[in-house]
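Both complexes shown next keep subunit A, but they swap its partner, so subunit B is in the first and subunit C is in the second.
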Partner chain A sequence: MSLWVDKFRPRALDDLHYHQGLSARLKSLAASGDFPHMLFYGPSGAGKKTRVTCTLRQLFGAGVEKLKIDQRVFLSPSKRKIEVNIVQSNFHIEITPSEAGNYDRVVIQELLKEIAQTQQVDLNAKQRFKVVIINEADSLSRDAQAALRRTMEKYMSNMRIILCANSTSRLIAPIKSRCLLMRVAAPSDEEMQTVLSYVARRAYFDLPPEAAQEIIKDSGGNLRKAILVLEALKMQSPDLSGPLTIAKPDWETYCQKVAVLIVTEQTPARVMEIRAKFYELLSHCIPPTVILKTIAEAVVSQVDETLKAEIMHWAAFYEVRMRIGSKKIFHLEAWVVKVMSLYKVRLFLEF
Partner chain B sequence: MPPKSSQAASTTAKAPKKSKPLAKATTIKLDVAPSSSSSQSQRFNPLTAFANTPPSNTSGIPKPSQTQKSKGKGKEKETPFKALAVDAEDDRLWVDIYEPTTEAELAVHVKKVQDVRRWLDEALVGGPSGKLRKYRRILALTGPAGTAKTATMRVLARELDCELLEWRNAMGEASSSIFEDDRQPEGSGYNYNSDQENPFSKFEAFLTRASTCQSIFTDTDTERDPRLSSSSSSSPSQSSRSSSTPTRPSATKRKRQIILLEDLPNILHAGTQARFHAALHALVASEPLLTPVPIVIIVSDAGVRGEASDERMANGAWGRDKDGVLDIRTVLSKELLHGPYVTQIGFNPIAPTLMKKALQALLSAHFASAKGSAPSKETLDIVIETSNGDIRSAIMALQFSCVVEAAPSGKKGRGKTSKASAAGSGGSKLVLEAVTRRESSLHLFHLIGRVLYNKRKGDPANPSATAKDIQKDRELDARLKNPMGLPEHLGAEVRRTSRVDVDLLYADSPIDSSLFSLYIHQNYTPFCTEVEECAGVAEWLSWVDSSGGEAWYQANPHRFHLLTMGTLHSLPSPVPRRGQKLFKPEFFDYLTKEKDAWDAVRDVRGWIVEDAVARENEGWRLGGWSRTEVATGLGGVLKARDAKQTQTQAPGSHRLFSSLPFVSGGDSRGLSQLGEGDLPPSDNVDVPDDGGARGGWAHVEDVDEGGGWLDSDDIEDF
Partner chain C sequence: MAFFQPKSAASVAKTTQKHTVDPALQPWVEKYRPKTIDDVSAQEHTVAVLRKTLTSTNLPHMLFYGPPGTGKTSTILALSRQLFGPDNFRNRVLELNASDERGISIVRDKIKNFARQTPRAQAVASDGKEYPCPPYKIIILDEADSMTQDAQGALRRIMETYARITRFCLVCNYVTRIIEPLASRCSKFRFTPLDAGSSTSRLAFIADAEHIQVDKPVIDTLISTSSGDLRRAITYLQSASRLSSSTTPPTPITPTDIQEIAGVVPDSVVNDFAAVLGIDMEESDSMAVDEPKRTQQKGFDPIQKKVKELMREGYSATQLLTQLHDLIVLHPTLNARAKSKCALVLAEADKALCDGADEELWILEVATRVHKAVS
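What follows is the complex of A and B.
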């Protein structure tokens, strides 16, 4: 099986449905023979990875689609084994260093050195260099980023690096300045509509425009999410008519309900209750940042205008602490209690 | 301060050698400062406290009439006096002299002894059916130090008429004793001679020899290899190498043997640990002989204290093999521990009643033969109270107290005023407390309670408090100063003086600040009445967790203090008593669950990706699924798929992260309550630094053992 998201993904730059300007530029870059290091950034579900793979195909031809998955073992300084899955073709290699956790620096260094020191032996290859794709580059530790920076300069002749990140704010400046920055913005509603109907056509059915609108509204510019929802909907009601209930992931509904809990009662007992919910969410692998963001948005939609700014301010405040600290639950809870006490004071003032 | 007082002690100790008047003069001079300071502070520096009493000792010792001094039997601490007053034959500690020899003398709970005895019985004979023998290969005795684990073993071995083969690590002696000829020059313990086996090979050889070739072993090998000192059970207290040749019974009847591993190889070293595990594994897995020799491993639990673990955690190297704590889970591998061949019997701290009985028996035995008077009942009570169930330390303290108590009565005999003797006995109490008080004497339960009940000066007494407690509180209050007034705009921050001494708490805390914060976090809410108070505590928790930098050396060293004081400041005063219960943090349970869920995410991701790889054409689209995307994005589709029953099913484990039903109330959780007797988890269990956000499995994996461990006992619905 494969999901529609994967199945109907455009394979060449020409097939892409939106950001034509970007596609044209990538195409000419690939043709120029002076391909730089690149940093693709933009919100999730905007099509960064799709563009990266399309660019690769443009650079190396169809050979880049012949992939194999390797499991590599690295040794940390303390002789601990780190297993990392690596996807590679003859022309490129793709890693998600965050899989190595704290040891991402080791993985990055070893791997890049290895690739950089081996020249392309395939004489028929279109390019002399290999490409390293680093996913989730914004979760690279500072150490790893520093290691990357030197390698990028040193092995420029053999290797190009393509970084994928949601935002550039967590990348150190030297890396940003060594890359060509490519912003991949989220698609507009119309563009999403086009893509969705394209997917529907490929899947041999007609997508009613109302349903498409509904999906787009729900997805918030995340095309991956939109297509996943479409697939789920199609599975639930094959004709896609009548009132649609968009199958949200459980955790989203859950977050909404937690927000209701926050607004309805402000007592220490309720704090306990919400803590249990947070633990539940965290243990379902929902990133704490996502939890905080989702719940904050849900709370904001339910409170008085004057409180909104403050609630978001504190959400941002505790999000920063969450990144520095190690026990996420403390910060989530601190935010909730803060919001509760703010809300309570407001209620008190009203009466 | 300490150097000065030690100087005082040493001077007084030397005093007898000098002429008397001079000695006296120096003592008085040096003695003034320590005594005044120690009477003010509550805690006693052992050195200062000791320095208080020597005047009486020094004046008492040179006396020819040594009636009282007869109790000061050659203790190691008293080496200066040895030449003067000690008869040579009693050169041992009471712990050794009065080691229990029969089951009745053991201070261990009868049931525990029975458990061990049954196991040994099953291991040696095979139990009632005779078939259990196969599975009784390794017995692990665990428990805090001084809970008579070894003593029980020795007593039982004696009663069952077995021989204990004990492994002893040879530190550096290998080169000197075995390979006399090619010894290296002085000072270097190394010997790189190629035909010398390394210590661990010796251990392995010991294991195999002891377990397989027992008949030859007992006859000849013991003499040859000095490290295999098998102390014969007929003289259990003799563990020195001099008696390494066992007193053998008549050649016809061979004694059954038990291998005792107490002095383990350095298994904190990862490589050695692996080999140790492998050796035990091989031993157990091998086809048992006709008469397999059971192995008994004795491991004392050690607690972790201080900030070290935080630093390690921040360092990222907080793996189990790194944390430098020897406990049963490092000694035995997981498979063994959960396998059928290993039985674990945990010893508890010795109950005060049992200990009292044992100590009284000891005293009566001692003073039946020796002259002198037994220490007072109060002394005995203090010894028992302060020993925390550690009978070894209790006996040591008792022996010491007998020496100390002797002093004031000697004074009296010389016609000093009764006032001085009263001060002297007070002093002996001080000394006793200083000597016997064990370090981590504050239970976790009390620590958390002390903080969360937030007692302040002038709090109304608890209705259940006894008159003594009230009196104590009043005395404490009298000593506490009132805080300086605050300016008006800070009026909301005014609190009465706290009765909690944070420094003392910190010194006595059995857990590090990171674990402490988890406990506070778990328990603070019931102690608050308003959300604002919660906000204060939560803010402090959050601040403390995020203060300091990324590296361990940037960690904030004041976390414990800040958190405690912040919590005390935020909590209401007085805290309303609603029968709050204390619970263990749920944190670890959820961490375990999270780890499982991440495994499920990996499964599902593999399911998507591998499928794509299987088809040539789709293979190029890979890696686009990061774990977070799988966890957050796929829920809807997976649910729909489950509902549809499509032919290709996603791995069923995906429900671990995709299915999240909302239960309102959330009161059905099982929480394990923190009990009075609960010891802090001695493992360095902690949050994966950064691991949660980045989903590093490498970290979360390590946590699960510890997480599972916390919920050991009474789970109670809350």
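What follows is the complex of A and C.
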């Protein structure tokens, strides 16, 4: 019993519902035998991974779906052991090097060289090369990216690399110039509508258009989220009729509460209260950037025009500091205090 | 000697088998790497100096620096090939790059061991050509700016001690990341971004050799999107030709194809964005009817909505900023004060994005501040 997201995931390029131009390109590239390194980028939930797996299937046939999960141990230069999970089939291997944290360079060097220096032994294989999929490529360190550079050119005969990233900003230029860039935009509302009704049909029920609209509005272009929400709603009320309330995740309502706290009162005591809430959020592993963004958006929707730009400015400012610094809570609090003082000054000026 | 014969023969056979790539599948960047230093595009000064070293047997330690895709690695590879010929190349040249482990231990062991070997006698060239084959070896340290300070420090004495039999060539993008003592031991060569003329001729040459049809606008787009990086231009050309030839029937390459491959944001999207920010766009004159509506819609909320929309499309933030920058700086009616304010914002945003900041927040930040600056 798997989730609908996985159960109804398209398996072949022809089954994809949107970005037909992209699918046609991928198909012709896979057929031509002259397959380049690729970089898929786009917002999350847009279907990058689905397109990658479909392309692999197009390249190698059904064999790529026989997966096995391996745990490999690499040794860092200082003899520390790094454990990395890899998913592989006979034709491809998939890694998430950011699991290795600072030592991602070692993983990249060792693993890629090992793969690159062995040839495909299966004579029935459709292609001479193997494919390495690198997830979350935008969180690769500079060193790891530098290590990829020459490898990508040198071992072109035995290996192709497919990178998956949310944005290309953090990738160094030499990597970008060695890849064929594939932009996977989030689906439009109509496209999401078709996908949702397709899922509903496959799961044998009817999806009322109003419910679909509601889900689409809530998901903000993230198809994975939309399908998950659809499944959750179906569990709640099997006929999907009447007023639907899409249950927001707990952390989101929590963030909304914090925003209300900020706007209603600006005192040191309130800051202490908010701090407790921040700790609560952080201890539940909500990324601090997400916390900051959600609260900032909630605050912005409750204040008047002149303050909005200011609040976003400081959110952006403290977000960078948070990335550079190491203690996230300091910067979150600094932002809260900043917003409070801005708000108070503003109230003061009004009277 | 005879004892070693079979083994070496076997290893040669193995390596040749390993490196044979179907030429059709080879990246053109490798396929059309210059074979001799005379083939190197542009960089006349460097080539002129290096050509002299071919006739004399004297070569200094060298430091090549310059932006990516200007031919640094190609030049030194071509030079060493011309100096030693294919047969001696393997035992006279050691090439290390960032994909190899290059910590201090490697400098101490591998580099030092290679540096202290007396060069072997010249093997007879199998292709019948004469090579100068001077009595030294070359160690190429590619992407040297990613070596640690310690590793660079360890090189210092090695470079001097074995200078009689070994020459070093450091290749890097940023000369400032090379420690001063190393830089002062080398003669420096600066590689400049390629001018449009030499890029055009090289691209035209490759297109000709690959029998693909490219016309002038395509080459112009290639050059403008790659901004002096020949490798990027060639890769784009190859990708475009792959895409165009794999469709049935083959379609000619168009400038829009190149833009899509290069990840450039379409002009219409950027102009739209700029219009929301309150920058006057010339095209908007033609749509005078829409004008009053648009001016009403100013303020924070439409900007936020537009930014969300852009992020959903998945365009890269840095690319968007670069293009917005071009648009603002070249804008005909904005005054200098507004422009310089915008430039400041864009610079801050670029720094933030390099530090790994959140894209949406920073695009929004740029948008609101540009909006403030121009209104």
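Assume the second predicted complex is superposed on the first by the 351 of 351 C-alpha atoms of A that agree within 3 Å, B and C clash if a C-alpha of one lies under 4 Å from a C-alpha of the other, contacts with A are read in each partner's own complex, and residues count from 1 in each chain.
The definition used in the following text is that a residue touches a chain if its C-beta (ideal position, glycine included) is under 8 Å from a C-beta of that chain, and two chains touch if they have at least 3 such contacts.
What you see is a predicted model, and the numbers here were worked out from it, not measured in a lab.
K.L.:
Superposed on subunit A, are subunit B and subunit C clashing or fitting side by side?
P.N.:
fit
K.L.:
Would you sort A:T289 into first (subunit B), second (subunit C), both or neither based on which partner it touches?
P.N.:
In the superposition, A:T289 contacts both subunit B and subunit C.
K.L.:
Counting only touches as set out at the top, which of subunit B and subunit C does A:W251 meet: first, second, both, neither?
P.N.:
Touch partner of A:W251: subunit B, not subunit C.
K.L.:
Mind working out whether A:L180 is in touch with subunit B, subunit C, both or neither, as first, second, both or neither?
P.N.:
second
K.L.:
Name the contact category of A:A203: first (subunit B only), second (subunit C only), both, or neither.
P.N.:
A:A203 sits against neither subunit B nor subunit C.
K.L.:
A:L148 in the overlay: touching subunit B, subunit C, both, or neither? Say first, second, both or neither.
P.N.:
In the superposition, A:L148 contacts subunit C only.
K.L.:
Determine, under the contact definition given at the top, whether A:R25 touches first (subunit B), second (subunit C), both, or neither.
P.N.:
A:R25: touches subunit C, not subunit B.
K.L.:
Calculate the angle at subunit A, using C-alpha centres, between the directions toward subunit B and subunit C; round to the nearest 10 degrees.
P.N.:
Once the structures are overlaid on A, subunit A sees subunit B and subunit C at 90 degrees.
K.L.:
Comparing subunit B against subunit C, which has contacts with more of the residues in subunit A?
P.N.:
B
K.L.:
Considering only the touch criterion stated at the top, classify A:I324 as touching first (subunit B), second (subunit C), both, or neither.
P.N.:
both
K.L.:
Taking the superposition on A as described, I'd like to know which of subunit B and subunit C A:V263 touches: first, second, both or neither.
P.N.:
It touches nothing on subunit B or subunit C.
K.L.:
Just subunit B (first), just subunit C (second), both, or neither: which does A:A315 touch?
P.N.:
In the superposition, A:A315 contacts subunit C only.
K.L.:
What does the superposition give for the shortest Cα distance from subunit B to subunit C, in Å?
P.N.:
Minimum over all C-alpha pairs of subunit B and subunit C: 10 Å.
K.L.:
Can you give me the overlap between the subunit B contact set and the subunit C contact set on subunit A?
P.N.:
The answer is residues 142, 289, 323-324 of subunit A.
K.L.:
Please output the residues of subunit B touching subunit A within their complex, sorted ascending.
P.N.:
Within the complex, subunit B contacts subunit A at residues 270, 313, 316-317, 319, 322, 517-518, 521, 525-526, 528-535, 538-539, 541-543, 545-546, 550, 586-587, 590-591, 593-594, 597-598, 601, 608-613, 615-624, 626-629, 631-637, 639-641, 643-644, 646, 648, 656-662, 664-667, 669, 686-699.
K.L.:
For a test of understanding, state which residues of subunit A touch subunit B in their complex under the given definition.
P.N.:
Touching subunit B: residues 1-3, 6-7, 9, 11, 44, 49-50, 53, 57, 64-69, 78-80, 82, 87, 89, 94, 96, 98-103, 133, 135-136, 139, 141-142, 224-225, 228-229, 231-233, 235-236, 246-254, 257, 266-269, 271-273, 275-277, 279-290, 318, 321-331, 333-334, 336-338, 340-341, 344 of subunit A.
K.L.:
Sort out for me which residues of subunit A touch subunit C in the complex.
P.N.:
Residues in contact with subunit C: 24-25, 28-29, 31-34, 36, 41-43, 46, 77, 109, 112-113, 119, 142-143, 146-151, 153-154, 156-157, 167-170, 173-174, 176-178, 180-181, 183-186, 220-221, 289, 293, 296, 300, 305, 308-309, 312-313, 315-316, 319-320, 323-324.
K.L.:
Within their complex, state which residues of subunit C touch subunit A.
P.N.:
Touching subunit A: residues 18-22, 24-27, 29-30, 68-69, 97-101, 103, 105, 142-143, 146, 226, 229, 231-232, 235, 238-239, 242-243, 245-247, 260-263, 299-301, 304, 308, 311-319, 352-362, 364-365, 368-369, 371-372 of subunit C.
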